[in-house]
Amino acid sequence: MGTAKEYTIDELMVVTLAKAFTSDDIILNGTVSFIPVSAVLLARATHAPGLTWVAGAVGVDAQPGSVIGNTLDPTMWKGCVMYLPQYEDMWSYVHRGTLETFCIRGAQIDQYGNINNSIIGSDYHKPKVRLPGSAGMGDMGSLDKRVFIWSTTHNPRTFVKKVDFRACVGWLDGGGSRAKLGLRNGPQLVITDLCVMDFEPTSKRMRLVSVHRGITPKQVQEQTAFELVMPASVPETPAPDAEYLRLLREVVDPKAMRKIEFRGSATKV
Amino acid sequence: MTARKEDKLVSLQQAAALVRDGDTIAMQGMGTQMSPLALVRELIRAGKRDLQVAMVVGGIGLDWMIAAGCVRKVMAIIINLDEFGMANNFRRAAEAQKLEVEEYTEHQILTRLGAGAMGLPFGVSRSGLGSDVIGLHPDTTKVIECPFTGKPVIACRALEPDVAILHAHRADRFGNVQFFPKPIWTDVDVFPRAAKKVIVTVEEIVENEEIRRTPIHTGIPYFKVDALVHAPYGAHPCSLFPKYNFDRAVFQRYADESRTPEGTRAFLDEFVYGLKTHDQYLAKLGGTAALKRLESWD
Amino acid sequence: MGTAKEYTIDELMVVTLAKAFTSDDIILNGTVSFIPVSAVLLARATHAPGLTWVAGAVGVDAQPGSVIGNTLDPTMWKGCVMYLPQYEDMWSYVHRGTLETFCIRGAQIDQYGNINNSIIGSDYHKPKVRLPGSAGMGDMGSLDKRVFIWSTTHNPRTFVKKVDFRACVGWLDGGGSRAKLGLRNGPQLVITDLCVMDFEPTSKRMRLVSVHRGITPKQVQEQTAFELVMPASVPETPAPDAEYLRLLREVVDPKAMRKIEFRGSATKV
Amino acid sequence: MTARKEDKLVSLQQAAALVRDGDTIAMQGMGTQMSPLALVRELIRAGKRDLQVAMVVGGIGLDWMIAAGCVRKVMAIIINLDEFGMANNFRRAAEAQKLEVEEYTEHQILTRLGAGAMGLPFGVSRSGLGSDVIGLHPDTTKVIECPFTGKPVIACRALEPDVAILHAHRADRFGNVQFFPKPIWTDVDVFPRAAKKVIVTVEEIVENEEIRRTPIHTGIPYFKVDALVHAPYGAHPCSLFPKYNFDRAVFQRYADESRTPEGTRAFLDEFVYGLKTHDQYLAKLGGTAALKRLESWD
């Protein structure tokens, strides 16, 4: 399988996220999650055919063919084996850890992968900016999920030293603070429009893994309000395999719905 | 309230009259799906005030109600227009501190409503442990220790809304309400059980015999329903799977116009205040024949 | 409507219980409840057409025609408007008080309407007799139900001063003790093979209301191990209306399944 | 355990091997309805010991297992043969103190299993307040105060059984299990979600495509099922609504013969030990053609 020469950042992000998924994953998705849903469909069509996806947290093992409407939409339940009742079934599988993988984006992300999508400002009750709210991330952060974070706005306003409101629990204050609270798993990977990051195992601080083509580690650090753990050498994010790209463009997301995610991004796709 | 086996079919106006100023309303809805928007428009026209609205995901209907000045407090996990972006009137009202926002995690608010449905003073969850959501409202969510293991859990105080408002596929006149497929979403499942009064708008009224032929689809029994309204396309511009999709054009127009208070006002004048009845609303959209275009799901 | 001259005790018990129900009642039934289920069907066919019955706690407003199989059996759900899911729906309507009326029998019943169907003996863990268990009565006693008690074995072994094990909470220790615990409603009526009883409003002690044809108040007291509240004059239990009897015999329970309840009874039917 | 999307179809013997001596089993069943009795017979033949069986309503299968010496403890709300009377082997074992009986109210044991299903250390109920059931097992049910209102509630400790065993209408080979109608009973609803392993026997194996055509009927998703067994009439002599009714003759015979330990032994020799496989069991009853007589519900 050759790698592609021509690709856009949205394509790179989807393929990189897809490669992080395996056939053992059970993944459910929330609202406005075009990049994760595309990645799920792509992983299932390639190296992870056994991956379980619960479309919009309802349609178990759904087979919609491609990304059709919005990601919480019943259209995406097509061909599923079960409509998962939310109140008891979905929440028990989430609480119990059966549904273990979840992808999250947010307005603010800090160095320990804590996320905020509630308010900007120093007083919750007098917000400078009122954001939509924590939605599922408020649950998933505390419910032992393997969390994959994506962002199309890698800049110092999004990647902040400390979130104004900790809506979604990441590695908390780093080190053993998450484990101390009895929470399993946690944030795994951060895929942005500039780079890929993970979390240094001991301190749980965010660490640069690779930079996208044309981006330097220095640029990433400049666009990040906290100090990144910086390995001695940082490779370029592997270019997408040609076959993955073809499937993404022609089968998985032919309408390029994933580009909706780049509203407000400095990266043009 | 326990409702007898009698005809519950009323007009939208009569149903709206069951909602009183100051009531706590549990309102069905997701970003773009299944919400009793014909009733919401009527509540706005009726000038309801000081409502406290509990939802899981607040969307276009809640944003209208906030813009119209109906709402004092919202309890929800997120309020937006899904892929169409921000709920701008919610944002403006919250930033102006004209609206109380009681934010929960999804499992917390469900546990509050579930305890209400069960007649229990509280229920427990683990959702949100370690987050700043804990501590926002200590009178309704509080960390306690498991009496057996000592593990921390979140006690969520029961919430019994005054009224639940829902839109569904069909019902008989007694209020046996059916869904296709049967309740998947939490709001359809828990809200009517938690609320003191239940108002349901439906696409279609069928005979009692038809319900008895298909009991597998019934989600709410007649003894829990207080008022029933026949409102075809009553969720518009939201979707009612599998009957019709959401109306992308109306959503986009609202997303654009609601960027300013003036734009919002113009939208509400045209789609809510300027139409006295749900029939006029349907006529404005070209009638039910024109709305058949929403039956495509691709 | 005339009254019948010829009737049996099982018929009298069913008709008497039926007359206690109204169109406002929402009644669910449990296992081996032929007398209550016959009474429900009979009430609905006569003076209480609006009565809501949840057959076997599943079939809402079921219309099986007659008592077919056992009372928890799916046959009895016939023609219902909804299959009530037990775990969430049924139990929320029960806890919340929407389903407010329940009928109970048991191996031991005391003067305050507390009931035992768990063990006979002084030590729960070393039972002299192990009974089947409390089943739904253990719930309903504490969940604010209007309880109707029936018994086909009115004798001192069943009607005891104090139950060996309080599985189902009646009026507890009488007086205000039930209300003090925050419980609403409670036992209303006791219909046996000898008589009808209720509970004296202040003391909550069991009180004789009427005796069945051929039975004297003295005989009832002799068959009861505690002292009954005994009004100055005790009438005979009204004979069943002829039309009620006809409906019971021909429509509601033509196979006379209700007679199964008289296994072990001294009253022959 | 989380099960992958792979072929789960095994023999009754292979399924029984997943149950280990000492396991806590959540076993589906009512007095005369829907119980995985083909599997129960295999567990008896396999000589399982020290099982702790959690049920709502224990019936004929549990009485067999107790008679066969498989059971150390039962957790249930009632154990009997419904209209056929006492479960005599349960009664004898309890009276001889050879069996531990952990009695709960129905909502208490459901709350224990529901908390297990939710991954919460406990849940709350009001059921049984004031009764002697409270205090029987303070390590699993305890009266606590609501942290908001001070009202007493019963904390019910989570129960996560090692294995849930169920019988259902049909499934595909991956273990997408369907019910007609979809889960009504609590055991079908909560037991598989609470248990670590799930074994399901079914009347019929269908293609995956058929499941995808009818997702509305699926009650358990494949990722929660560890083993699947094809066992037509696998609930016999219990019923499987709406396919077949319970077998009145076999129930009556067992009710009569189980009055003595000797009679029980003879029954088990004939219906359990004397038959090596479920096919032999069906053959003994005259084959599936003869069992069609159970399709009448009147």
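Residue numbering begins at 1 within each chain, and the chains themselves are lettered A, B, C and D in the order written.
Going forward, a residue touches a chain if its C-beta (ideal position, glycine included) is under 8 Å from a C-beta of that chain, and two chains touch if they have at least 3 such contacts.
Bear in mind the structure is a predicted one, so any value in this text is a computation, not a measurement.
Common neighbours of subunit B and subunit C, listed by label, are A, D. Simply put, of C-D and A-D, more C-beta pairs touch at C-D.
Subunit C and subunit D, compared by their mean Cα positions, are separated by 29 Å. Centre-to-centre, using mean CA coordinates, subunit B is 38 Å away from subunit D. Separation between the centroids of subunit A and subunit C, computed from CA atoms only, is 59 Å. Those residues of subunit D in touch with two or more other chains are numbered 119-120, 125-126, 151, 181, 189-190, 215-216. Touching two or more other chains at once are residues 83-84, 87-88, 91, 95 of subunit A.
With chains as nodes and touching pairs as edges, the resulting graph is complete, every pair of chains being joined. Interface of subunit A with subunit C (complex): residues 87-88. Subunit B makes touch with subunit C in their complex at residues 2, 4-6, 117-120, 172, 174, 176, 189-190, 193, 208, 211-212, 215-216, 218-219, 221-224. Across the complex, subunit D is touched by residues 23-24, 26, 50, 52, 59-61, 63, 77, 79-84, 88-89, 91-93, 95-98, 100 of subunit A.
Within the complex formed with subunit D, the subunit B residues making contact are 115, 119-126, 139-140, 142, 144, 146-149, 151, 153, 155, 157, 181-182, 215-216.
The part of subunit B that touches subunit A in the complex is made up of residues 30-33, 57, 76-80, 82-83, 85-87, 90-91, 94-95, 97, 101, 103-108, 110, 114, 125-133, 136, 151-152, 181, 183-186, 189-190, 239, 241-242, 245-246, 297-298.
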